[in-house]
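Each of the two complexes below includes chain A, the first together with chain B, the second together with chain C.
After this line comes the complex of A and B, so read on.
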């Protein structure tokens, strides 16, 4: 037992170092913008760059649209399938796993080839590319949003709740928004925050559809010519990810598992 | 339980008799938006890629695009991508498993487990551009660890042939999100090992190692292999991290697909489609194996 305990500590320490050393190095690097002393100059430069705020705002907006669209699309479907169409459960689950098979780079390739020509012409207008970007993120987040909501639905008695509401005279809107969705609060909120964490700094799809309008490509551009600022951006992104994951942990009380995984980006 | 069920089905039959028409077509409306979305934004692009792979620029049927996959540079791109995915999946899988083992079976304090789960959640989602920046600041030519090794231990990584912007550098970078993902996936499986099993084995006179070889590992094997497949797929399809770390100067299949989208080098739309189809085939085979394994693991372990 003593021996086992030693090895246990050793593996955890190795993993922790692997996690901490890059962060410490990056933080150290981000403080060296002024020669010969430690300062937050790189951070000041980032925060006073209007492009930082513009791209952050853009990506945040796209993330909010993504969250809205994916919840509106997935939650009623998952509910309806449990209630009335259990036969379709297999096929919907299969569809929701497809983004694991289609990596983001392949999706964006197919999407550009499909929607840039007749009859869609989505990439001809700015608005069209925003729409395509949003749908791309809905596809990317589909696996974990569906899974999280489906698990949430499994925990409540969908049939009885619906029948009870119906017998009290509730319509479908009332049932969904006043009975079912409040019961799925944790599932919806935690998958929303995961979507937020993934979409904000997303690079692959954004770089091909909207370029440096989005935060991911903006970071990449900074990285090409500003060393210290890029380190401070990495730290900022890390803190953001940490904050979002922290909220998820609070919501789910630490019961997150492998289902919190998006397709390859 | 069975009594309850029969009661429910009886009730359903009554309901159907009472409202004969409403159940037939109306119930399908609820799932229409989802299927339209899936058709438009998942199926259509995929079908388009598949069709494009069999078409010449003029629109005729051809197999020449697939012949392009066997050019040495493309074959090597697939090979390097598979090698890097396999390496990071195996090493990340092993380290992740050992860490998950330490906090579950290894009985480390609960606080360590909570800390591990938190950082795994963060690190497994900390990929792409900022991760590349972090590793440049760590192991790049002027990175902190590079300098410490050079000045303190007199160990010059770059003189020894190490390069962050090559195979091993990229592998080390991918590992940052690979092993935490393994921790997240495998911890629930380790939690699912019942105490009764090890106690029963002990009562029958088995040693700890015999229990692990004959009971625990066989039960865990499908979960472990399944998790390693997910890790493989996770780095096989990764583009953002590799591109921002190497600036596109590493021959990965995702990078080649990316340059086909931009149309900057060796532009050949037909080949781009074939490359994408090749990637989807690799991923589909992986996911099929994953599902087979998950079925097997569900016999013993809840998911």
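After this line comes the complex of A and C, so read on.
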């Protein structure tokens, strides 16, 4: 017993150090912008940089559109597949996994090639480029948005609930908004925050389509040019991501402690 | 015309025929059960009445209206599922009110109706709880209340008690029957449990492999099964091989001993005829004008109210049920016994 707990503690400590040490040293480094003393100077510089706020706002906005688009697209689709096309589930799941194996760089080159000529001239206008960026992120977020919603659907008896609602006189709108979506609240919210975290930090697609307008490329540029600010940015981004993850944790915990029936309320 | 009719209804899935040439007329206020083994097409038939499946051929009418292809949310048909299918995000009250809200019933009237339904199923205290806070039996009562709240033209129940434990099942089936009679609602009840079907139905439709085997009142089905399948599926039955069948005089030989039976003309007798008799028709000891068979007790099972004997009649085994009597000593295996029964209690098929 004692031996076992000694070894497990050792591994926990090694793991924690492996994870925390770089973080701590980055944080420490970010405080040394002023020679000879510890200060938040690097942070002040970041927060007073208008580009920080501009890129952050841009990426947040794109993230919101991405979330909206992917939920509107995926939730009804996943529902319909569970209800009427269960045989297709394997195929759809495979397709939803493709973004995992196709590198973003491949996608972005393909997208630029396809959508910069006839018949689609998306990259010719700013708006078109934003549309392309958003759809790119929809593709990028597909694996976990689909997964998360599909898991949410698995927790409820989609077929019986739909039929129960139908026999009570409900049409498709009522079924979706009163029965299905409310029970997917947790799945939708948690995948939204995950999408948010990913879109804000994304580099590859953003840098090819919009450059340093987006937060990811901005971060990378700072990293190349400004030593201390890049560390403080890393810490800021890290905290931001953690905040989103914390929200997801909170949401999903509320769900499991409530009931076994996905009683989202 | 009957209230609910199914005319030549068939349903084919790929290369399985789930339901074949199904014909049935159900009167208003009647409680009809579909009884049969799993996979015989009960659910499919029910789902065609509900509108969740479209018949491959045939016509379904309700209250004189052809509803064969009407969409399920236009039929005004109540449905209760084996899995309860309560909306987990809504309270009990909201669940019962769901169909009323869809119908845009005024709030006050709706609350009244919800309370009324809750009192019918005796769950007034749970209005503001969520489904997962209730037991399975309570959830199914709520599902029943929800289905009845909309005043459906027909109530459809698909094995509503299968997921519940025995005690609740016994309680709830009587309650379903009570509520059905109180409200006078036309009901179709799907079950594979013959005891359940016998207990609560006005009429039973016995099905097997997509076909109707027999339709009739519970006692008709039990006492006059029209074929071997029904006889075997509903209740216990001894089917004993016989020889020298004389239909004219109603006589045959069972393991060399003569048995008299009442023959119903027209009844089809198979190539290898057998004598059919229910275990509870048998008695220990002889009696005036009764068939008597000599045999040896093979085993005696004491089940409390009932004692079940397995008796060896010259190599043919039959099972016989007796009510337990305090004063009587139980037969033991190896005992020589005489088993008797009146000739009208058995038949040949």
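In this section, the second predicted complex is superposed on the first by the 253 of 265 C-alpha atoms of A that agree within 3 Å, B and C clash if a C-alpha of one lies under 4 Å from a C-alpha of the other, contacts with A are read in each partner's own complex, and residues count from 1 in each chain.
Definition applied: contacts are C-beta pairs under 8 Å (C-beta built on N, C-alpha and C of every residue); 3 or more make two chains touch, one makes a residue touch a chain.
Owing to the predicted nature of the structure, the values given are computational and were not obtained by experimental measurement.
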Contact breadth on chain A, by residue count: chain C or chain B: B
Touching partner for A:189 - first (chain B), second (chain C), both, neither: neither
First (chain B), second (chain C), both or neither touched by A:202: first
Partner chain in contact with A:133 - chain B first, chain C second, else both or neither: neither
Touched partner set for A:170, first chain B, second chain C, both or neither: second
Touching partner for A:33 - first (chain B), second (chain C), both, neither: neither
Partner chain(s) touched by A:88 [first = chain B, second = chain C, both, neither]: first
First, second, both or neither for A:71, with chain B first and chain C second: neither
Shared contact residues on chain A - chain B and chain C: 258, 260-265
Partner chain B, residues of chain A touching it in the complex: 4-5, 7-9, 11-12, 14-16, 18-19, 21-26, 28-30, 73-74, 76-77, 80-81, 84-85, 88, 92, 95, 97-114, 135-136, 138-139, 194, 197-198, 201-204, 208, 216, 219-220, 223-224, 230-231, 233-234, 237-238, 241-242, 245-246, 248-249, 254, 256-258, 260-265
Of all residues in chain A, those that touch chain C in their complex: 156-157, 160-161, 163-171, 174, 178-179, 182-183, 185, 258-265
Residue ranges of chain B in contact with chain A within the complex: 27-28, 30-31, 33-34, 37-38, 40-42, 44-46, 48-49, 52, 95-96, 98-99, 101-103, 106-108, 112, 114, 116-119, 121-138, 143-145, 175-176, 179-181, 183-185, 187-188, 227, 230, 233-240, 243-244, 247, 254, 257-258, 260-262, 269, 272-273, 276, 279-280, 283-284, 287
Touching residues on chain C, where the partner in the complex is chain A: 50-52, 71-79, 81, 83, 85-89, 98-99, 102-103, 130-133, 143, 146-147, 150, 152, 156
